[in-house]
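Structure first, commentary second.
Labels run A, B, C and D following the written order; every chain starts at residue 1.
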Amino acid sequence: MTTIIYIALILMAFGMLLSFIRFVKGPNTADRTVALDTLTTIGTAALVLLGYMFHRYIYVDVALIYAVLGFIGVIVIARYLEGAL
Amino acid sequence: MIYFILILFLMILMIAAAIYSVYQKDLMYATIGTGIVSLALSILFYLLQAPDVALTEAAIGAALTTIIFVIAIRNTIRYEGDD
Amino acid sequence: MSAMEIIGAILLLIGSAFLFLGGLGIYRMPDTYNRLQAGTKATTLGAMSLILGVGFLEPSWMIKTLIIIIFIAYSNPISSHALARANYKRKHFPLILHGDVKEMDAYREVTEKEENKEEKK
Amino acid sequence: MDNALFDLLDYAVYGTAILVMLIGIYGALAKKSLLKIVIGLSVSDSGLNMLIVAIGYLKGGTAPIFSPGYLDGTNKLMVDPVPQALVLTAIVIGFGVTAVALALVIRLYRHHGTLNIDEIKNLKW
């Protein structure tokens, strides 16, 4: 069981690294915002898995907050790009 | 061992995003960079056994800071200007 | 290992594989719209599968994990839709490598017709 | 081996927090744009918060929250809760400071028409 959790965490770390490279390279504002969105989603899943590793029920609330509030920044940036803010 | 790798990875991510957001000329990209700094900082608080601080950092860093910076950029100019 | 743990472990592996593929797609795809597709669909499936796997591993956490899944399932498509529309309205059209432009990009005709109507008025 | 690794980790966490703080202070001191100065102050605030939380960390401790996962477990070691409470306040106050600074920046831009601090004469005396 522990090996599976380690494999999952390392795969997620590689996903975060690749999308961060896209954030640095991306030629456009929309590309960087997509990278931020992907990083937020992977971070939410990582928070839930780390909460399972620590065996504390209260730790899952942080992932809940990220799932509820993480997309507001992306929507505000999109409205700014559209010129409608 | 896995804690060591994770914390090292998150610290490198945080330093890289901070350097990027300070050196970038386009202020919109710098704002997105502060969002990534806030995400890495929140997971680091989580690994340092402070979930309440991580919750506050998530709520404020992910949503509110981005919103007020975007509103400020919309009311002023977007580029830093090298003249 | 009981049956619940085996199901949870399989879901966890599937979810982490899809999250990694989402990051790889963001890095490799040539266009903003392709990146949106890879970074939103694959990541949404991966996050939902992984969180459901944690819910199977620890059955008393099932209600909170289901709530997180519901929030991810409604918040991720909204943000990707807003980004794609904003990127299209800034005249960054999709990159078409082969084929006829007007057949593949059907939405451009609609927007050009609307713009022509507004100009005539 | 694990002990040596965790000792190294302590120094690495302190070093990272101080490094992020210094990057933010550099951005606030060396850049010309007022918005970039506010971004530098925000980054430096993040580094300071991380430094205070890392000081209160105890090896092998768990979070200082009384919930069923803590009361049932055999590990009764706890992280110091006082720095966490201080940082919890400092994050919110940092957000307020950032909001007020951005409001001042918008007022200055409307009055002077530029964000370059070399061209705003009212800031010099």
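The criterion applied here is as follows: a contact is a pair of C-beta atoms (placed from the backbone, for glycine too) under 8 Å apart; a residue touches a chain by one contact, two chains touch by 3 or more.
As the structure is a prediction and not an experimental result, all values here were calculated from the model.
Set side by side, the interfaces B-D and A-D show unequal numbers of C-beta pairs in contact, with more at B-D. Set against the Cα centre of chain A, the chain with the most distant centre is D.
Note: centroid distance chain A to chain C, computed from Cα atoms, is 13 Å.
One simple way to say how far apart two chains are is to compare their mean CA positions; for chain A and chain D this gives 20 Å.
One finds 23 Å separating the Cα centroids of chain B and chain C. Contact with two or more other chains is made by residues 51, 71, 73 of chain B.
Each of the following residues of chain D touches two or more other chains: 62-63, 65.
The set of chain C residues touching two or more other chains is empty. Contacts between chains form some other arrangement here, matching none of path, ring, star or all-to-all.
Chains that are in contact with each other form these pairs: A-B, A-C, A-D, B-D.
Taken together, the chain B residues at the contact with chain D in this complex read 1, 3-4, 7-8, 11, 14-15, 18-19, 21-22, 27, 30-31, 34, 37-38, 41, 44-45, 48-53, 56-57, 60-61, 64-65, 68-69, 71-73, 75-77, 80-81, 83. Taken together, the chain A residues at the contact with chain B in this complex read 6, 9-10, 13, 16-17, 20, 23-24, 29, 32-33, 36, 39-40, 43, 46-47, 50, 56, 58-59, 61-62, 65-66, 69-70, 72-73, 76-77, 80, 85. Contacts from chain A toward chain D in the complex involve residues 54-59.
Across the interface of their complex, chain A is touched by residues 2, 5-6, 9, 13, 16-17, 20, 28-29, 32-33, 35-36, 39, 42-43, 46-47, 51, 54-55, 58-59, 62-63, 66-67, 70-71, 73-74 of chain B. The part of chain D that touches chain B in the complex is made up of residues 2, 5-6, 9, 12-13, 16, 19-20, 23-24, 26-27, 31-33, 35-36, 38-40, 42-43, 46-47, 49-50, 53-54, 57, 61-63, 65, 79, 84, 87-88, 91-92, 95, 98-99, 102, 105-106, 109, 115-116.
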